[in-house]
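Look at the two complexes coming up: chain A is in both, with chain B in one and chain C in the other.
Right, the complex of A and B next:
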């Protein structure tokens, strides 16, 4: 998180956003729930949301690779669209966004 | 080439059921090198023997089962057979791939390919042992279901060897146009009506046992590919654990999340979340799953061995779950599972069954299929009580079942309302909504054997879950090339006799090493790609000769007229967009704008057309 952004938030210049996060398949066990609401200051990006969520080494390992990149086996969708094609971790979040976290999986 | 490469036995078994004549023919080494095995080699051998205008349920139809050079090695999942025939459902090439164990044991009898033609005068079975092939009377098996037939034939036909059974149920005997052929009781060559072709030939079953091995030419190269494949399969969560834990139905909630789960005969993709949860892979695992298992040499293990009450069986898979379930507005897990058991036992393809039932339900609710026509069956959407009874009537062609057994296109056309049939080339669209992904839509349109999620390119993984391979799902520009590439990957996997699900871990590189190691030929990934282009062009040639045209490569009207909501926006896939993507797909394949492979392409791919 950038220092300026954090400072503005702490000084009450930024409002809180509510982001809904939904977990599927093994991410449900990993995060211990199906759905979670996260409050973040406006201007937050997906990266900041995931940093808040991944508060243990196990969680980090399933979501990030090489510390800062998205794990290619994790698919993250913002409002029904994969973020990999729209900014990835730098995708800007807005109040009311629904983020889904699920594994790369198919079937037949 | 002068001799057949290592990895092949070099023998084709040809059985003419009309005369009872059994021949062993040498496999042309050049065909093996150019068409590899499975789907490719099967298509070439089929093409060289078939009259493309023949009646699919007549004695002239030819049915080929082909194995690959990897079958007989210890390569992961390499035990899948491929069946090629003229489809009684679509009139196009029927091409169906299947796991289980039968194909691997068939190859160990010393043959690479089986060719069937003609029609026996009374029910028969074929018994294949390493040194003896016989056509035997099977009147005592006629009428038995798939499980009963398998059990009746499972006692050893050769001391010390356990035989494997490929057979049809009553649906195949009664020439239901979407009857399947099963091995290991519950593993079907599902789509396109291969079971009806068996039935039309009075062929009930094929029993095999053997133990002949194949040679690996370059063991180091083979081992390098094998090590790479196993390493990668253990890295990807889908192949490492997810498919084993949740089965393919683990997809249900994901597909719903992206508005792609069909509902009420593809009228919309709106479901209550609590309903979707009732038919998810998670719920299946909690409530009905007894154990997961794998096909021959499979480390992935997606099979669902389940129990409902005192009844045991296999399934449901994702497609079955959704086509018999939510697409019919049914969310009753036990009822769907029981219907799946009935389809397996009586020998019916679950995807076409679900699609045909959903079509009947919509016709019923629209007042077109009347209560009188429906013979007292309440075909309202959501009525799970009728499922097993409808499967039974279809399999035995009783009453309305006789009409449903023709598939949804012919059924709806009987009411002069073919637009109620959600099909491409008269084959039911599987459980991914095409308006929610143009790549998926184009895959259905251009699949040579009619709408199919697997041979149509498995686009759902490309459009959403592909990581680096991902392409936007509404891209008119990228879909044609993306689908061509996915078709090619599928053709390569089908021609190597390996499972589509390995694609979650790796593409073709480990396979290229392994098949080069086995055969001693240099199969680079580029050569595999060229092989796929050759096979795609050959399948297309057959379809054109059978009378299909580019007009058969379009979706039903519903998808261009009635919008669904995807991520908050109304989506259709207009006829104009379909035509544009179709043309771009043809051109990306090196075909002309009408979808005909050009003479220069055929020459560069060394494809010989049949003698006119």
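Right, the complex of A and C next:
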């Protein structure tokens, strides 16, 4: 969270956004719930959302690699499109966005 | 007499789809990529249902470690080419349909012309490199593609209608390396059966297909959920007019 952005939020200059997050398959067990609503100040990116959600080493390990990149074994979709193709961790979030997190399945 | 026997074998589904529907299945041509955990389930049910022409492509031979999930094979098939072993078994299941086997690697194949005469393509593959090739063939020829994938206790399925729905690359623009993921046989069977159901619905024009919906099955919880998905205008496979050359058949 940048200092300026945080300061603007704390001074009430930024509105809250509601982001719905859905956890599927083993992410549901990892995060202990099927769905969660997260409030973030406007201008937040996916990175900020995931920082809020990943509050344990186990959760971070499943979502991030090398602390700065998305784990390629986690599929994260924003409104039905993979974030990998729309900015990754820097994808800008908007009020009402739906984020789905599920494992990458590739076997047959 | 032979014709009567053929109708008799479908007796329990004629009430659902009628003789007209059964004839549609008989006229249908389905291309199945992969004769593994998903493919053997898809093949079994499509052959039993009376799909008139099925082509199976797989590059591998049967290994002992396949037998926990690849239900068409037995110990005596170990070492045999999967596509041919599958055809042999399926011929005894339903001698009234046309089956064709091909042992080849999709990564080394020009698929566009190969699949042009088929009505449906089934993705029962085990890697995304080959899936992308099948995806492009589907888009290029305008042929629907039924995608399935599994890992552990989880499975997923979606139906790609070229020009209408998100394609595989829209959903999965890149793929991580997966080294032989563990997988439970019944999960393969379940996802394969869902794929076979999509194929039959698509051919008969029944129900609602998994269009722009990715269904995720959670075998540990015994639940399934959907993720609504969308086409990506920037998709490298279907995003622009350059790639979508064929006329959509959907």
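We take it that the second predicted complex is superposed on the first by the 105 of 108 C-alpha atoms of A that agree within 3 Å, B and C clash if a C-alpha of one lies under 4 Å from a C-alpha of the other, contacts with A are read in each partner's own complex, and residues count from 1 in each chain.
Simple rule for what comes next: a residue touches a chain if its C-beta (ideal position, glycine included) is under 8 Å from a C-beta of that chain, and two chains touch if they have at least 3 such contacts.
Computed from a predicted model, the values in this text were never measured in an experiment.
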* Based on the superposed arrangement around chain A, label chain B with chain C as either clash or fit. => clash
* Asked: Touching A:14 in the superposition: chain B (first), chain C (second), both, neither?
  -> neither
* In the superposed arrangement, does A:52 touch chain B (first), chain C (second), both or neither? -> neither
* To do: Have a look at 278-286, 332-340, 512-520 or 602-610 and say which bit of chain B overlaps chain C after the superposition.
  => 278-286
* Asked: Both chain B and chain C touch chain A; at which residues?
  -> 22, 24-26, 72-73, 75, 77, 79-82, 84-85, 100, 102-108
* **Footprint of chain C on chain A - complex, ascending** => 22, 24-26, 28, 72-73, 75, 77, 79-82, 84-85, 100, 102-108
* Structure fact -> Seen from chain B, its contact residues with chain A in the complex are 236-238, 241-243, 245-251, 253-254, 257-259, 282, 302, 317-319, 453-454, 458, 460-461, 464-468, 470, 472, 500-501, 504, 566-568
* To do: Write out the stretch or stretches of chain C touching chain A in their complex.
  => 34, 36-39, 123-128, 148-152, 154-156, 166, 170-176, 178, 180-181, 183, 188, 212, 216, 218, 220-221, 225, 227-230, 232, 234-235
* Structure fact -> Residue positions on chain A within touch of chain B in the complex are 22, 24-26, 72-73, 75, 77, 79-82, 84-85, 100, 102-108
